[in-house]
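The next part holds the structures, each set out as C-alpha cells.
One chain, subunit A, links the two complexes that follow: it is found with subunit B in the first and with subunit C in the second.
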Partner chain A sequence: MDERPISPILKILAAVGFLFLLAPVLIVVPLSFSGEVFMAFPPESWSLRWYAAIAENEKMLAAFLFSLKLATAVTAVNLFVAVPAAYALVRLAPRGGDAMMGFFTAPLLLPSIVLGLAMLIVFSRAGLLATPQGMFVAHLVVTLPYTLRVIATALSTLPIAVEEAAATLGASPVTVFRRVTLPMMVPGMIAAGSLSFLVSFDEVVLSLFMSGPRLSTLPVEMYNHVENRADPLVAAVSVLLVVFTLVAVVVVDRSLGLAKTFVR
Partner chain B sequence: MMHQAPTDMTVAAAGPRAGQGYLSLQGLTKRYHDFLAVEAIDLDVAQGEFVALLGPSGCGKTTTLRMIAGLVPTSGGRIVVAGQDLTAVPPHKRDMGLVFQSYALFPHMTIAQNVAFGLEMRRLPRMEIAARVAEAVAMVRLEGREDRRPAQLSGGQQQRVALARALVVRPSILLFDEPLSNLDAKLREEMRSEIREIQQRLGTTALFVTHDQDEALTMSDRIVVMSHGRIEQIGRPEDLYERPATPFVARFVGRTNRFTGNAHGTTIRLGDLAVRAATQRSGPVEVMIRPHRVALAAAGCVPADGLNSVTGIVRRTTYSGDFVQYLVDADGLTFMVEEATVGHGRIAPAGTAVTLTWAPADTLVYEAAP
Partner chain C sequence: MTAAAISKVSGRDADFGAAPIALMLLVPITIVNLIGFVLPVANLAILSVSEVRSSGAMTGGWSMAKWLLVATDPFYWELLWNSVRTSLVITALTLAVSYPIALYLHRSTGLWRNALLVMVISPLLLSAVVRTYGWIAILSDQGLVNQGLMALGASEPVRLMFNLTGVTIGLTEILMPYMIVALLAGLGRLDPRVEEAAATLGAPPWRVFVRIVLPLSLPGIALGSLLTFVLAISSFITPKLLGGGRVFLLATEVYDQAMVTLDWPLAATLSIIVLLVFGVALALYGRILRSIG
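Right, the complex of A and B next:
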C-alpha cells in the first residue's frame, strides 16, 4: 500500500486478471435483465421478468431458504466443535496431536465425488438420504476441516505469554480462556465461520448425492433448473446471490475489519 | 555454593540466612528429559530486596523465574514465600506479578482494563478498582492514555502498562523476565531507574532476570550469577565485581585480563613474568586482573613497595570518553589497562614505553580448570 510507482505492464496484467475474475459477472448481470425466454448473450430485449419469476418459483425459494438455514446451522456447530478441538490440539498439545489434526483434516484430501459416493451408501442404509439431518452431517464433514485448520492456525499465532500474564494476575484457566483467549480468537473465528458458511452454501457435489425431490439446496436447484430449461432465471438468482454476498462482506468489514480477519 | 573462592573473598553475601528468606528456593530443580535446566538451586531473598538473576542465555535463570511464577512445573525442591510452601500451588493462586519481555498486554482491552484485570480477579469493589487503577496509571506516568489500546502505545509505554498491571495488585513478589530487552538503549536506562525507584518506594520484593550485567549491577541489592543451571555466586554488585568467586563470574561480569600460569605460594609465573598475589596457591592456576585496577606510568618510574610491576610497550590506545583503554605488550603477554580520563590528563600514544603496577590483592587467582 505504499506509494511506489506501479509499472504500466503490472497495471495491464492486473486489469487482465480482474477481467478474467469478473467475466462471469459481466455476462450474468446483463443476462439477468433479459426479456427473452432463452439464455442468449447479448439479450435482444430487456426486462425485470426473471426477477419477478424468482418470487413465483416456490422450489427455488424453498431451496434458498434451506441453503441459508443449513449453512447457518453448519457454521454454528462448526465453531462450537472446532474452537474447543483446536484449543485442545494446539494448547494442550496431546500425544498424537499431529496425527489427530491430520485425521480431522483428511476429508480435504478426498475428492468430493468419493466422499459423496461413500455417504450415499452409508446414508441410504441409515435412511438419511434426502433428509435435512443427512444433508447437515454431509456438510459438517466437508466444512469442519476448514474451520479446524483456520482456528488452529489463528490460535497457534496467539502469544502464549498473554495467557500466562492473565494467570499470574489471578485468573483461573477457565477465566483465562473466557476473558483472554476467546476474545483474541474472534478474528480467526470470523474467518473460519465465513469460510464454513461459504463452503456449505456453495457445496454442489455432496448436496447432489444427498438431495431428493422434496429437499434440495440452492446450487442443486439451480443446476436442476438449467438442466430442464434454458431460461435466464438462474442468471437473476445468481445476481441476487452476488449482491447478497457483497452486502454480507461489507457488513463484516464495517463491523470488524475484513483485512484484520483474513490477513494476520 | 561458592567454589574455590580466593581467601580474601570471605565477605559474606548480605542477605537472609539459608531457608529464612521471605522468598526461599530450596533445592529447586528442573529437568527436561535428560537435560538439567536448573540444578538444585538454593536462594533466599529478604522482603523488599531487589535481586537480579544474571547469566548467559540457557543458564536456567528464566526457567527458575517461571517455576517461581508457577508457569513451569518443578522437578524437585521447594518454593516458599512468607513461610508458605507454594511449590504445588497453581499460578493464579500465587499472588505474584510478572512483567514479560514481550509486555504480554491484553490486545483487546484498553490500558485501564489491562491494569484493572488483576483487581477484578480479586473481586474488589468497583470504586476501589477505579481508584487503584488511576493511582497505578499515574505512577507509571500514563495519565490520559487510559482509553487507548496497547497497539497505540510505544514499546516503552507498553512496558510501563505491564509494570502498572503487575504492581496494582500489590503482589507478594514482583518478577521480571528480561523486561527491558525489547527497548532501545536510552529508554532502557530510563526504565531501569524508574523500575528501581518504584520498587523501593513500594518496598516490593523483586526478582529480575537479565543477561545484561549493567542492568544487574545498577539495579540490584544483590545479584545471583547463574551458569549451566547452577548458581556461581550470590553477592552485592561490588562483591561480584571486585571479588568474583569463580573465573566464570570474573569473565561474565565486567572486563578482565586472563592469564594461565603456575603458582608457588604467593608467586605466580605467567610465562617469563612473575607476579604476586595475596593468596597462597600451588600448581596450575588461572589469573584474572581487572583492567581498571592496573595503573599505567611512564617507563622507569619506581613503583611503590609491594606492588606488582611490569614494563611494556603500548600497542593500541582507545579513547572512549570516560576512560582510555590501552593494550600493552609486556614479556609476551598482552595487558588490557583502563584509566579514567581526568580533565586534560595526558594519553599515552601507541609505542610509548610504560610501567604497569597493581596491588597483589588485585591479582585474582583461581584453580585452573581441569
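Right, the complex of A and C next:
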C-alpha cells in the first residue's frame, strides 16, 4: 500500500488547495519586508523598517509582554488542574467518567462569541472586566479542554503494565504515580502545555470581550491595528507569530505526534 | 494484597479508595468550569428573558421584549437568513477545496505526509487575525490580485473586500484545516485493500472513487461540514475585518450589540439564536449520520 500511485489529477487539485490554504500565511512574509508606508502588494521598496517599528510601538510591546505572561500562567495552572483530572478520569475510571469528560470539554463546543458575551456580562458585574484576573479565568476556561483531552489521550495510550508491576512490587499508589506514571506522562504534558500556551497566546475573541483601553493582548492589539490602519506593521508581527506557531507545532509533533493529537 | 494493589492502579474493580480520590482530583477543574462556563452561560439565557431598565439593571421581572423585537423586525430575519446562507456556501466551498487535500494526505506516507500535516495544522493554531490580515493583502484594492490584474491591463480594481465575496473567501480558507482533519479521520475507515480489489477487478479510477472512496468517506464529510458550518456562523473576526463594517451577519451583530450599542439583553437573545441554529445543525447531522449508517 505504500507504493500506491497517486493520480496526477489528485496531485494537481491538492497542490491548488494547499496553495490556497497557505496563501495568506505566505504573503505576510514578503509584505513584512516592505519599505512602503501603506500596505500594497507587491511593495515597491524593501526594508526592515516595520520590524524596527514593532520595537517602537509601546502598545504592541506591552500587549506582547502581557500575552506572554498570561499564556505562561495559564499553561502552568492548566497542567496543575488537568493532570490530576485526566489521571482521575482515565486511570481511576469513576462511574460517569465519559459524561464528566463531556462536561469538562463542553466550553470547546460553545462558540467563542457566545462564551465571550456570557463572560463579559458576568465579569463586568464582578468588576473583573479589563483586569488580568478576568483575562486569566477566560483563558483558563478555553484552554483546559485542550489540555485535558491531550493528557487523557496520552495517558490512555500508556501501557498500564508498568504501573501494575510497580504496584505488585509493593509501591504505594502515590509512589506509583510519582515515580512511574508522571515521568511517562511527560511527553503528553509537553504537548498539552505547548498547545495551551499557543491557544492562549493566539486567543482573540474572548480577549476582545475582556480587554479594555489599558489592558489588551497581542492579538487584540493586532486586531485593533488592522481595523484602523492599513500598514505593514501587522505583517512583521505576524511573521514572528508564524515562526512561534511552527516551533510549537514541531514540539507537539516531536513529543506526542500531530496525528495522535489532532486526528483521532 | 497484590490484587488489591493492581485494582487500585487500574481502577478496573469498584474498590473502596478510588471513587473519593477521583472526585477529589476533579474538584479544581469542576470549579473552573462552574465559574467560567456554567454560571456565565446560564446567566446569558436568563438575561435574554429578563426585564431590564434603560440603565441596564435587571428589575427581577421577566420580559420577552427582546425576543419579540427580534421576531417582528425583518432586519433580524434577514440577518439570520444571510448568515445561514453564507455559512452554507462557505461549507460547500470548504469541502470542495479540502477533499482533494485530505485524500492526498490519506494516500501519502512517511516524512512527506508528516510535513504536509504540519502545513495543514499550523494554520489552525495561527491566530485568525494573522490569516485575515494576509487575505487583506491579497484581496484589497492594492493587494496581490488587483495589482496583478492592473499589470495585465485592467482599468479599475475588482471589489474583493468590504463585501460578502471577501468574507466568503477568507472564511473558506480559515476553516479548511477543521474540514481536512475531519475528512482525514473519516478516511481512516477506508481499507486500501478494498480499493485495490476494485481496481484489480478492472474498475477505472473514477468508478473506484465514486463507488468506494466517496461513500466510505461520507461520515467524515458530514462531520467536517457540521464543524465548518457551525464555526462559519459563529465567527466574527474575519467578517468584521474583511467585511469592513459593511457585511452584517449574526455573529458580527452579537459583537456590535455587546460592545458598541451596549444592549446586552439583545446581544444575549441573538447569541441564544446562534445556539439554536447550532442545535438544528447538530440534529440534522444526527439524522444524516443515521441515514448513511
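Everything that follows uses one rule, which is that the second predicted complex is superposed on the first by the 220 of 264 C-alpha atoms of A that agree within 3 Å, B and C clash if a C-alpha of one lies under 4 Å from a C-alpha of the other, contacts with A are read in each partner's own complex, and residues count from 1 in each chain.
Note that a residue touches a chain if its C-beta (ideal position, glycine included) is under 8 Å from a C-beta of that chain, and two chains touch if they have at least 3 such contacts.
Just so you know, these numbers come straight off a predicted model, no measurement behind them.
Looking at A:152, would you say it contacts subunit B, subunit C, both, or neither? Reply first, second, both or neither.
In the superposition, A:152 touches no partner, neither subunit B nor subunit C.
Answer with first, second, both or neither: which of subunit B and subunit C does A:104 touch in the superposed model?
A:104 sits against subunit C, while subunit B stays out of touch.
Check the residue A:191 against both partner chains and state whether it touches subunit B (first), subunit C (second), both, or neither.
So A:191 meets neither subunit B nor subunit C here.
In the overlay, answer first, second, both or neither for which of subunit B and subunit C A:175 touches.
After superposition on chain A, A:175 lies in contact with subunit B alone.
State whether subunit B or subunit C is in contact with more residues of subunit A in the superposed arrangement.
C
Under the stated touch criterion, which partner chain does A:235 make contact with: subunit B (first), subunit C (second), both, or neither?
The second partner, subunit C, only.
On the A-aligned overlay, A:167 touches which partner chain: subunit B = first, subunit C = second, or both, or neither?
In the superposition, A:167 contacts both subunit B and subunit C.
I'd like to know which partner A:215 touches here: subunit B for first, subunit C for second, both or neither.
Neither partner.
Just checking: does A:88 make contact with subunit B only, subunit C only, both, or neither of them? Give me first, second, both or neither.
A:88 contacts subunit C only, not subunit B.
Pick out the shared contact residues on subunit A: the ones touching subunit B in one complex and subunit C in the other.
164, 166-168, 170, 173, 176
Which bits of subunit A are touching subunit C when the two form their complex?
Listed in rising order, the residues are 1-2, 4, 6-7, 10-11, 13-14, 16-18, 20-28, 31, 38-42, 80-82, 84-85, 87-89, 91-95, 100, 103-104, 106-107, 110-115, 117-123, 137-138, 140-141, 144, 148, 160, 163-164, 166-168, 170, 173, 176, 195, 198-199, 202, 204-205, 208-209, 219, 222-223, 226-227, 230, 234-235, 238, 241-242, 245-246, 248-250, 253, 258-259, 262-264.
Touching subunit A in the complex: which residues of subunit C?
It comes out as residues 2, 5-6, 8-12, 17-19, 21-23, 25-26, 28-30, 32-33, 35-37, 39-41, 43-44, 47, 97-98, 100-101, 103-105, 107-109, 114, 116-138, 140, 142-144, 147, 170, 173, 176-177, 181, 184-185, 188, 192-193, 196, 205, 230-231, 233-237, 240-241, 251, 254-255, 258-259, 264, 267-268, 271, 274-275, 278.
Help me check something: in the complex, which residues belonging to subunit A touch subunit B?
Going through subunit A, the ones touching subunit B are 159, 161-162, 164-173, 175-176, 179-180, 183-184, 186.
Which residues, counting only subunit B, touch subunit A once they are in their complex?
It comes out as residues 69-71, 90-98, 100, 102, 104-108, 117-118, 121-122, 162, 165-166, 169, 175.
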